[in-house]
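Before anything else, here's the structure in question.
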């Protein structure tokens, strides 16, 4: 089943055209790494998929629902992790999840919170304020927040930004866990090594267009950098 | 390709709307009673404003009667911008505004949730300022009429303030901009609230107070409706 | 390049001629007012400027609503144009009013409803321009601008009513005469000619300025577009 379908997507900010006709399809269970230099439009593209920004032209469907007209149905099936954690510093880990759980009107919220905290390895710190968390812990909790309502599609915008090696490794562990449950994942990154470890497909975005796309098995080991360079040169 | 029908299950949309509002209010109050940053800043600031007025106006017994309502409302208006700014900055700091917008709830629920918690903070500050002022200047401010005016005035102030602070927090100038945007459009509230409060404090007849009460109620209704209608434009891209 | 449209050029010339004629009528043709003397002649342009301020205020509100409904940046350009014109003409009206008020009310400034409301409207416009300055994204700038004009458009009449509940000393020349007003007078037929001609002339000038300012907005947009093309 096609989980994300984008046809001829154009996004303008005033006179500036940031996305110039993107076609993009993701099947259920794929893990797509969206790569590209700064200013290529990765974040803008992800914000449109996330229903946070409206397309200027073109069609966007997530899990079959159309954006922006059916945004509410899309939002229920969507989890988003951005480079900001989207958490409240003066609430504890548990309270943050409880708040978002209420916003999504979840049943069995207590059980769900326990599961998620266990999964991201923060069960022991559940009553501590997010303010006191390290950047890596905040990011793990942010992933917990994003999967709390068991979304079909997970969008990640540069999730590794500002994390050290250990924190990155722990984050990757959680990401693999999340992705292994049949979820569809789209992740932007400019860190090729991390993306190569995680993704099953690599799409290169440059100047508002997807200029190349290749599944993992089409690339030989360690060849992503080569692929990336060639895609940007054309 | 046709649009998928949206399945309908669970509680009614209106019940879900109310629950989302309650969730936002609970979140704001829980965070605030944990840190007390906003309330303590608003309170200390209010007391300082009163202190400044005390020396600026020489609040002696004779003149106090006439200026009390003005001093109170100037204090509330200034402290209010502090609270509004802080309340929206919390949403912006760790990207939480996006988090709210990602939730499958009507944007109006976010507006009403934020407005209700802002109103709660403002009323708490007023509830502390009133007895302090009463003790300091030996005037009884606990009159039902005056309390009603304070509630009506705060509702209108917060209705517009929540909308405008949501805009100002998304600009480059942020905190500086809010009072500049807010004060020229809440002048009717301040005029009416000062006059109505003064009316109750000086035991004027109802026929002199009623026009001001009507004005306050009209303002509250009109601006709550406007904010409800345009809030989408302020948060959606 | 976009040459100036012929119709706009004609309107420019017409506006200049009408302004000259209105000046003649106000300063020379209209009879001297018996009590106030020459300073009363300020009245014709004072009211006409305030009238343009009102027109611009209304136009900005309408353009704001139109923008929110259509999300078309053309309306944003109209809105800014209307706000800027209204800002300038309310300012002129306030200055002319002060010149008149000095000898008649013996003060430059009074907290009269119309005067105060005009001043508050000016503050709202300045806040509006500051709000726009703080936003990079043109669509967001337009959306926030439109929302704020809408809030302003609704609050200003309420402000006027609120201040009016205080007593007024502003003369009501047209319509009912309030008892406390000082400086009121009855217009003679010649005065009415000068008065209504000034209103008419200023309305044409308003249309001319609005058109020119909108055209300027479009040109600025085009410059922006060409700059972007060069950069890419």
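Each chain carries a letter (A, B and C) given by its place in the written order, and its residues are counted from 1.
Criterion: contacts are C-beta pairs under 8 Å (C-beta built on N, C-alpha and C of every residue); 3 or more make two chains touch, one makes a residue touch a chain.
Bear in mind that the values here come from a model prediction, so they are computed numbers and not experimental data.
Peer 1: Most central chain by CA mean?
Peer 2: B
Peer 1: So, comparing C-alpha centroids, which chain is the farthest one from chain A?
Peer 2: C
Peer 1: More C-beta pairs touching across which pair, A-C or A-B?
Peer 2: Of A-C and A-B, more C-beta pairs in contact link A-B.
Peer 1: Indicate the whole-number Å distance between the mean C-alpha point of chain B and the mean C-alpha point of chain C.
Peer 2: Roughly 32 Å separates the two chain centres.
Peer 1: From the C-alpha centre of chain A to that of chain C, how far is it in Å?
Peer 2: Spacing between the chain centres: roughly 50 Å.
Peer 1: What is the distance in Å between the mean C-alpha positions of chain A and chain B?
Peer 2: Here chain A and chain B have centroids separated by 36 Å.
Peer 1: Which chain B residues sit where two or more other chains touch them?
Peer 2: Only 237 qualify.
Peer 1: By residue number and range, which residues of chain C touch two or more other chains?
Peer 2: 137, 139
Peer 1: Under the touch definition given earlier, write down the residues of chain A that touch chain C in their complex.
Peer 2: It comes out as residues 13-16.
Peer 1: Where on chain B is chain C touching in the complex?
Peer 2: Answer in residue numbers: 160, 163-164, 167-168, 170-174, 177, 180-181, 183-188, 191-192, 195, 211-212, 215, 218-219, 222-223, 226, 230, 233-234, 237.
Peer 1: For chain C, which residues are in contact with chain B within the complex?
Peer 2: Chain C reaches chain B through residues 68, 120, 123-124, 126-127, 130-131, 133-137, 139-140, 143-144, 146-148, 150-152, 154-155, 158-159, 161-163, 165-166.
Peer 1: Using the touch definition from the top, list the residues of chain C that touch chain A in their complex.
Peer 2: Per the touch definition, chain C meets chain A at residues 73, 137-139, 221, 224-225, 228.
Peer 1: Considering the complex alone, what residue numbers of chain A touch chain B?
Peer 2: Its residues touching chain B are 47, 50-54, 64-66, 69-70, 72-73, 75-76, 78, 80, 82, 84-91, 95, 99-100, 102-105, 129, 138, 145.
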